[in-house]
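Below, subunit A partners subunit B and then partners subunit C, in two separate complexes.
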Partner chain A sequence: MLITVKLFANFRVGRFVVEVRDYPAGTAIKAVSGSLGLASQEIGMTMLNGRHAEPERVLKDGDVLAFFPLLGGG
Partner chain B sequence: MRHILRVNLASLSSLREPVPEAWASLGGRALTSTVVAQEVPPACHPLGPNNKLVFAPGMLTGTPAANSGRLSAGSKSPLTGGIKESNAGGTAARMLAKLEIHALILEGMPQGEAWYSLHVTKDGVSIQEERDTVGMGNYELVKVVHARYGKPVAVVSVGPAGEMRMLTANISVADKEQHLRSLGRGGLGAVMGSKRVKFISIDDSGTPAITSKNPEKFKEAARIFAKTLLDHPVSGKGLPTYGTNVLVNILNEAGGLPTRNFTQGTFEGHDKISGETMHDTIVARGGAPTHPCHPGCIIRCSQIYNDQDGNYLTSGFEYETIWGFGADCCVENLDDIAMADHLMDDLGVDSIETAVTFGVAMEAGVLSFGDGKEVVRILRDEVGKGTPLGRLLGGGAAQVGRAYGLTRVPVVKGQGIPAYDPRSVKGIGVNYAMSTMGADHTSGYAVATNILNVGGRVDPLGKDGQVELARNLNIATAAIDSTGMCLFVAFPALDIPECLSSLVDMINAHYGISLTGDDVTALGKSVLKLERKFNLAAGLGPEQDRLPEFFCLEPLPPHNVVWDFTPAELDAYWDFD
Partner chain C sequence: MIDRYAKQRIFLGREPEARLRDRRVAVVGLGATGSVLASWLARAGVGHLTLIDRDLVELSNLQRQLLYGEGDLGRPKAEAARERLAEANSSIELVAQVADLTSGNARELLAGFDLIMDGTDNFEARFLINDVAILTGTPWIYTGAIGGEGMVWPLNPPRTPCLRCLIEEPPASGDVDTCDSAGVLGPAVGIAASWGALEAIKILTGREPHPELARFDFWHNERQFIQPPATRCRFCTDKVTEFLDARWTLKASSLCGLEGVQIRVNPPRQLDLAALKPRLEARTGRDWKDSGLALTGTEGELRFTLFKDGRALVHGPVTPERAKGWYTEVVGA
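Up next is the complex of A and B:
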């Protein structure tokens, strides 16, 4: 299945901004972050199709997945 | 001896008073709001002789405490008609604290047409008539004032917008690079302009270092406090690297980035204006991605943004400004937005109110969405010169909306709604509605918990828990605003217990008192209550604690959500003692 993966802030360094990537059916979010070398304690926010999502969530074809380090502003 | 310095512009005289006992332990917002509530008639005209303009450093300003150098200004706001506190960095707060000025209160107004400056030193204040500086932009003014005194004095000033008493006018506070920080919101520059004060210069020469009652305990608490700021990923890493503008991509992804005058929650051009792009641009042009807005700031979320030729263009280039002209006005060219930011600092207008105003003006057809060059022209040639169009836009978003008969006018209590759509970030929407300040994202930053996973999690699209969250954050904010601390200490404070406890320990060690965390919460509550009481007497009742109707009627893509809090749910916000 094809998953659009977006990375932000320092997660982009040495990786990419956005890529459409192929994963086997049944892949969970944490497997995607793991495949990118993102340690779970580094991840501040994970958004799946614009909503916050937990690492155990299983993906489906066409999902848009975004990983952010812990960030803030205002 | 700490004292209150009053300057009466009607009699052109000043008075040094002892600090009343009830004000002695107050600082920052707690003090400015207390003075306004006690001394300003709530029904007075904000630009008339009965309004006052109060400046106060925070409780810890002038000490070595990290991030403690914010200056508060308070008054009755000509934009909202209610009480107002705005705070900023720069060098003025520290100098006032070192001069032991607990508060500087401007009262009355001159009879004639002359303009004045105030020069504050350890010997008191001298009031001078100004001629050459009248009409001057803030950047040139700061240089001229420094040259006049031959040293880096602090400068608190109004630009042409403040002189014209525009409701978008802010008050500028120079930083040590002679760049500009802003007491931004609520039209405080118009109040200073109404008193015909062009600038206040402050020279702390000859003052001793500020000492704490218990220096050893203070030092230890200050060390722990600073460590929590550096240890937290937001204040220690994210903010110094990307600045506040890192939020563009986050809010866009969450569908909460108000776009095209609040008709969409995502902006196609988001990556062109994002914090990541801005960081790379700043580095490539030899600017500074990291910069402190006041002495003692260790978060350093500010920056110096250069133009394509490597020359200084702007600093303090914030998310709200870039969101406003970027997503809300659909300008995709970051250099156009930076030029607009430069002009707004120079003219002395609030970049949030002005950006929201331009979004409304674009909907009205005054100019096209996305036309950054025309934004720059209008700021320079219309607002800056006070033409009829400039005066219209200089009056803020609500004024433009009324002039063109629009319903999609994003304001609460007359003040423009900033960079988080209340339909898809409902916690911050509650504080837009309920804040004593009008729509204000700094009145309890529920975005932290709704979106950023700081201080827990509350679903941004749901109503559950939002009123309680928003209220508690607003109470905490009112307390932090009283300490002189930058509000961004709230990020570590929400996650690291030692941050808040060491902040309380610093206050106790400095003043030789024994406050508890509960006392600090009680201070925040009391500040909100007295501000609320002032607003009720000024005519801002529960019916003003509401968002504009269009938020209830127009679903916001991509989540297609509306604002759905009932009046009773919102009114319960004030049910606390």
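Up next is the complex of A and C:
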């Protein structure tokens, strides 16, 4: 199945901004972040089709997945 | 009637605008975001602002912390902010709290407000604010900024999700960028904080704030609005306040963007600076300066600032462990 993956801020360094990637059916969000080398504690927000989603959520063909780091400064 | 608030009254309407005079807001952290948050709320005529910050104004702050000038260097931010805001609006009540927010004082410091504004630069403080919000039902607004990015999220658990519905635990240092690793642009913080202040005015005048988490990358011309989690976590559902309940006594951590270490005590204590001064002068063979709020002096190549509430800053090449050792030796555990 094809998943559009978007990365933001420093997650793009050495990776990409947006890519359409092929994953086997039944792939969960955490498997995608893992395949990109993003550690769970680095990820502040995960957005699936515009809504916050848990790492265990199983993806379906055509989903748009975005990972953001947290912004802590002030 | 043309008065101070005439222009915002035209926009907000008489009755909602007048509500601002009765509202009490705590601004936690008076750095770059806090400067902007507090300025807008003071100028809008929010009746009471409590300004909470533990730090002193430093030269590297002036690039983005709009409340301070060169004449404020070395002064407590909360005090300098109160003075500057009183110049902008002398008709509101402004209270400065030079204090470190910890589990030992957060309940007390954040009691009795209609809204808590996050002007902090760290997750420990935000998780404490979130616990207070869970416990008391007080709304709060998360405002964060780093590099050329900013994010704003109004929260009011249990009506809305809480911070822990999104992230269960604070990220470890090193897992997120800081002003030290990514730098920060003044205008980016300014826009994010102005967005936060605008959401605050909505809440204080009885409107619903933006329901989504707004995230901007001003530098790369991007923005996203993220719908918050649809379900509630066990912490806000069962009013579990782990961060408020945490019992630690002494912590030492590296300073963000500066060579040095910060030492924090919990709960804050009252140091007798006048009694410590001769002891430190005897130990170091140098003069120490007591400003009433803080005692400053040097030992070897390190510069120390001991605050009345027990906190300490150690500037220079020092590890957290060594700084903690010095503190325990001089002040006690």
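In the analysis below, the second predicted complex is superposed on the first by the 71 of 74 C-alpha atoms of A that agree within 3 Å, B and C clash if a C-alpha of one lies under 4 Å from a C-alpha of the other, contacts with A are read in each partner's own complex, and residues count from 1 in each chain.
Methods note: contacts are C-beta pairs under 8 Å (C-beta built on N, C-alpha and C of every residue); 3 or more make two chains touch, one makes a residue touch a chain.
Just so it is clear, the model here is predicted, and its values are computed rather than measured.
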item	value
Room on subunit A for both subunit B and subunit C (clash or fit)	clash
Partner chain in contact with A:55 - subunit B first, subunit C second, else both or neither	neither
Touching partner for A:72 - first (subunit B), second (subunit C), both, neither	both
First (subunit B), second (subunit C), both or neither touched by A:39	second
First (subunit B), second (subunit C), both or neither touched by A:8	both
Overlapping segment of subunit B (options 8-16, 260-268, 332-340 or 512-520) - the one that collides with subunit C in the superposed model	512-520
On subunit A, positions contacted by subunit B and by subunit C	8-10, 44-45, 47, 50-52, 66, 68-74
Subunit A-facing residues of subunit B, complex	233-235, 237-239, 241-247, 249-250, 253-255, 271, 275-276, 301, 319, 441-442, 445, 447-448, 451-454, 457, 459, 461, 487-488, 491, 558-559
Contacting residues of subunit C [partner subunit A, same complex]	29, 31-34, 118-123, 143-147, 149-151, 166-167, 169, 171-172, 175-179, 182, 184, 189, 213, 215, 217, 222, 224-230
Interface residues, subunit A side, partner subunit B - complex	6, 8-10, 12, 17, 44-45, 47, 50-52, 66, 68-74
Subunit A residues touching subunit C - in the complex, by the definition given at the top	8-10, 39, 41-42, 44-45, 47, 50-52, 54, 66, 68-74
